[in-house]
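When the chains are written out, they are named A, B, C and D in that same order, and each has its own residue count from 1.
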Amino acid sequence: MQNYIAGRWYDEDDSLISALITGVLNGESVYEVVRTYNGLPFAFRKHFDRLKRSAALMSMEVPFTCKELNSIILEGIDKNRPSPSGDLRIRIVLFGNGENVLPAVIYALLPSVSKDIYELGVKIAISPYTKPSGAIVDPRLKIPGASWNIRTRKNLGDNYDMIILNEKGNVCEGSFSNVFLVKDGRVITPDIGSGVLPGITRDNLIGLCRSIEINVVERPVAAWEMFSADELFLTHTSVGIVPIRKLEEKILIEDFTDGMTRLLLDNFEDYIMTEDSNWSGLDEVEPSDYRADI
Amino acid sequence: MQNYIAGRWYDEDDSLISALITGVLNGESVYEVVRTYNGLPFAFRKHFDRLKRSAALMSMEVPFTCKELNSIILEGIDKNRPSPSGDLRIRIVLFGNGENVLPAVIYALLPSVSKDIYELGVKIAISPYTKPSGAIVDPRLKIPGASWNIRTRKNLGDNYDMIILNEKGNVCEGSFSNVFLVKDGRVITPDIGSGVLPGITRDNLIGLCRSIEINVVERPVAAWEMFSADELFLTHTSVGIVPIRKLEEKILIEDFTDGMTRLLLDNFEDYIMTEDSNWSGLDEVEPSDYRADI
Amino acid sequence: MQNYIAGRWYDEDDSLISALITGVLNGESVYEVVRTYNGLPFAFRKHFDRLKRSAALMSMEVPFTCKELNSIILEGIDKNRPSPSGDLRIRIVLFGNGENVLPAVIYALLPSVSKDIYELGVKIAISPYTKPSGAIVDPRLKIPGASWNIRTRKNLGDNYDMIILNEKGNVCEGSFSNVFLVKDGRVITPDIGSGVLPGITRDNLIGLCRSIEINVVERPVAAWEMFSADELFLTHTSVGIVPIRKLEEKILIEDFTDGMTRLLLDNFEDYIMTEDSNWSGLDEVEPSDYRADI
Amino acid sequence: MQNYIAGRWYDEDDSLISALITGVLNGESVYEVVRTYNGLPFAFRKHFDRLKRSAALMSMEVPFTCKELNSIILEGIDKNRPSPSGDLRIRIVLFGNGENVLPAVIYALLPSVSKDIYELGVKIAISPYTKPSGAIVDPRLKIPGASWNIRTRKNLGDNYDMIILNEKGNVCEGSFSNVFLVKDGRVITPDIGSGVLPGITRDNLIGLCRSIEINVVERPVAAWEMFSADELFLTHTSVGIVPIRKLEEKILIEDFTDGMTRLLLDNFEDYIMTEDSNWSGLDEVEPSDYRADI
């Protein structure tokens, strides 16, 4: 893979940066992870807006317009795409460097997904590590160094992911996924104030529900509610919707041939591929203040 | 300056690392900052123990014994010391790299301190950013990416430092310092459970108090107590003790010729230079479990 | 004094109720305290609404319309008013009694107030007892058995009142008063979510500010902000506005001849006596649901 | 029934107290509920100690020694016991009355218990009302006016009891019971810091476990752990141990013929009847300070 660092393209072995900059030493950096579908960056405008907001909260400048960054991304897709049908996972990073910013775009193959996940569901558990809720740390900050995330991911064992709770015992998110409950025909997911990173796949899931007139609620969700839910699923960018079979060794659901999760799975790809906001907006005027409250 | 990266020494311009490793991209790294006095690393054993504990909490290995790391540090001091009387600030970093660890030792000149600070005191304020208390995030983790710290430091204005509170409204620490109150002849500082990084200069201050029989208390400290204190001071490694004159525009104290802060200032350097634990222990056996509870 | 208990009037010595009812044994009761001005109950409609809301939150019925309860109150004022110029403090209580409610109206003389309070200000401190914020216990519940209140009042020492904080270290209220800060020409008071009982004198103070175009803000107020305020005052029903001179032994203000507190003091009585909502509304239709969210 | 009020015995209809005292109007009162076994008050010394502690925390005096209060209790049992085999539920109340205390002892029949409870287990749910944890309100205070308790009890529906959580989402207790989990052969119950009233039946259950060498742990218990427990049961004074069959409509266990709950049920009565501390200690010297920390 070729990666973009501060204006030039480098092979993997030459993708180096100074170990002395604040973005490396202090973790003063912000990032986004974009995937492609059929070689096109997915929901790029949304990712760009989120990057701008993270950067603003950290008093950093984004040294590109949306279109400029999109061009760089596309250039790298051209260089790196393994085959006409292969897809990529693209990390955009802005490293702080004193008063300046050092931008990088890092490419990797999108991992392939076993179809079994969608048929059989996965096993998850509850993480022993706590994420601060939105009242303590702004959940829109997407920066490295989230110890609850790193530690959770290092201790997954045989779990697909582990659910991280906040200090109130409410659900935040998985270490790389968002969580949804189905209860009495409604879809429920933690609100941003719970400390949830406003995931773009999460937003698309909410959009899908609305488009097919399923009642969807964002609110604080007590961890115990997951056990009394009818169905439970995760979303994350590289896989989409992931049904959950087992939670903390308790079997929640045996059969995914029916039910809400199946309905959403059957409609998800079509929704995201045709939803206009996922594929447009590159030329939109940027809001003047990305620091505005949630 | 020459810096150590993964077994070799590099000039500043060549002090590069891969932008692709987890230690850079995910903030999966731990660090310590050591200073020298008269060219000798200060409290090295304590820093090493703290590094081991941080690493253990992140499921990382430290690829050195205490003596091995000390030898590397000394080699760099030899290479970098500007003059026989000059001192250095040395950052030890362990970058995560998948299952491995990439170690680095980065050297910088210790900034010089105006004597005015000790005579006149400084102005501080209360940070708008919150640090999670010890019940939410383990305060012994010293990793980059602490957004409350980075954001506070970027917004200091004319303040020497800003005091970061936890979610209970209790004092944690400054963005690069620890805080002490003097009230009714006692010295009070936030306890580790408040979310305080157990600073090595903080530990020495506590040791100094005990050595001259001043009552010193570690406990949760409400932010408002700073305003009703008789005196207030900060400690940090490069400067030692910093008296505070103004807090949020209110003058706390006008005259530092007398009082507890002066007494501690007059005795601090002698204490740290003669306190055995700051200069020994390189050969001590390492505890088997660095994850033990606070 | 004559008191009303469950439909009849009793002398003080005969104002007895059963010790066996849930309202006495379990503290299942709600109450309001109304004062008179010139023999007329002040802000009666507001008190009645608040009583209805408390009762609804406790699944209790109020066995009167607003007009009916007002008539009882007036009957008691007739029986008990000490002189044409004397004023009364009237407690309305609904005691739970299984599925039923036992109403009582208790009369006492309004204590007289030294003019010195308004000229010299009072001394207050911060209570060691914590009140749960609105996220834990609904602050609109006005029931007996608030241990933070009882314990604070029993330990006032030489303080006029003590300020009770919530679990976040934010200001709630005094044990019998509400708190206001003046900072940079604005008036600031804790919001209801902080756990503040929405006091009727507090509401009038806010109304007064608006009527004379002073900027008034309801928001979470950190306890330390009281120390950096320009002025500080309390409000409570029997006394109105109480200026604060000393907080935790620190003198906040020496001279009350000028400033915001003086301005508000000079206009308060006129405002409450002429503000229509304090004297009307007895016939208004009652909202159908008193449980609605804050 | 005859009840004791301030030195005299009264029939139920004459069990009256003044509606004007602080113990009635402000909820300034403390209480204990004692049951009899075979006409003897159970664990009286423990109840007395708990009453003393509650009273001390409220700055109230208990106007009896342990023996004096025991004599009054026994006198009432003589007057009220329905039959040689009938048992009683006895509430001791100290009502605040300005600087004084008005004591009362109220008698009622102990409700009879259906054997079905022990065979079939009960259905419980999670209360929507929150109890402050021990860091906010001292859990050893047993006073009326606990709104979370009153509101929970008024909304039980078809649940035997509802479990009240604290602000961290951890289990406190039922509205009239304590909660125990069985997991991997261990018995787990919330610790006092969670906000749990240290119930005397709870203490006996812990004692029983220790006496038969079952590992028993007091610690914060996340609400979701109840769903992943192997068994779950309540304890309360009038019934002892109550097995739980259903939690929030999820069946936890179908068969109580075996398992830990059955083992404890089979041994409970024998333990409490023979455990010396439940029946002795009336003459013990009282600790000098009942306010000491948990």
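Basically, contacts are C-beta pairs under 8 Å (C-beta built on N, C-alpha and C of every residue); 3 or more make two chains touch, one makes a residue touch a chain.
Because the structure is predicted, anything quoted here is derived from the model rather than measured.
Spacing of chain B relative to chain D, judged by their CA centroids, is 49 angstrom. Rounded to a whole number, the gap between the C-alpha centres of chain A and chain B is 34 angstrom.
Along chain A, residues 167 each make contact with two or more other chains. Taken as a graph of touching chains, this assembly forms a single closed ring in which every chain touches exactly two others. Contact between chains, per the stated criterion, is found for A-B, A-D, B-C, C-D. For chain B in complex with chain A, the touching residues are 3, 5, 12, 15-20, 24-29, 31, 57-59, 91, 93, 104, 106, 130, 132, 135-138, 141, 143-151, 154-155, 167. Partner chain C is touched in their complex by these residues of chain B: 126, 165, 167-170, 222-224, 226-228, 248-250.
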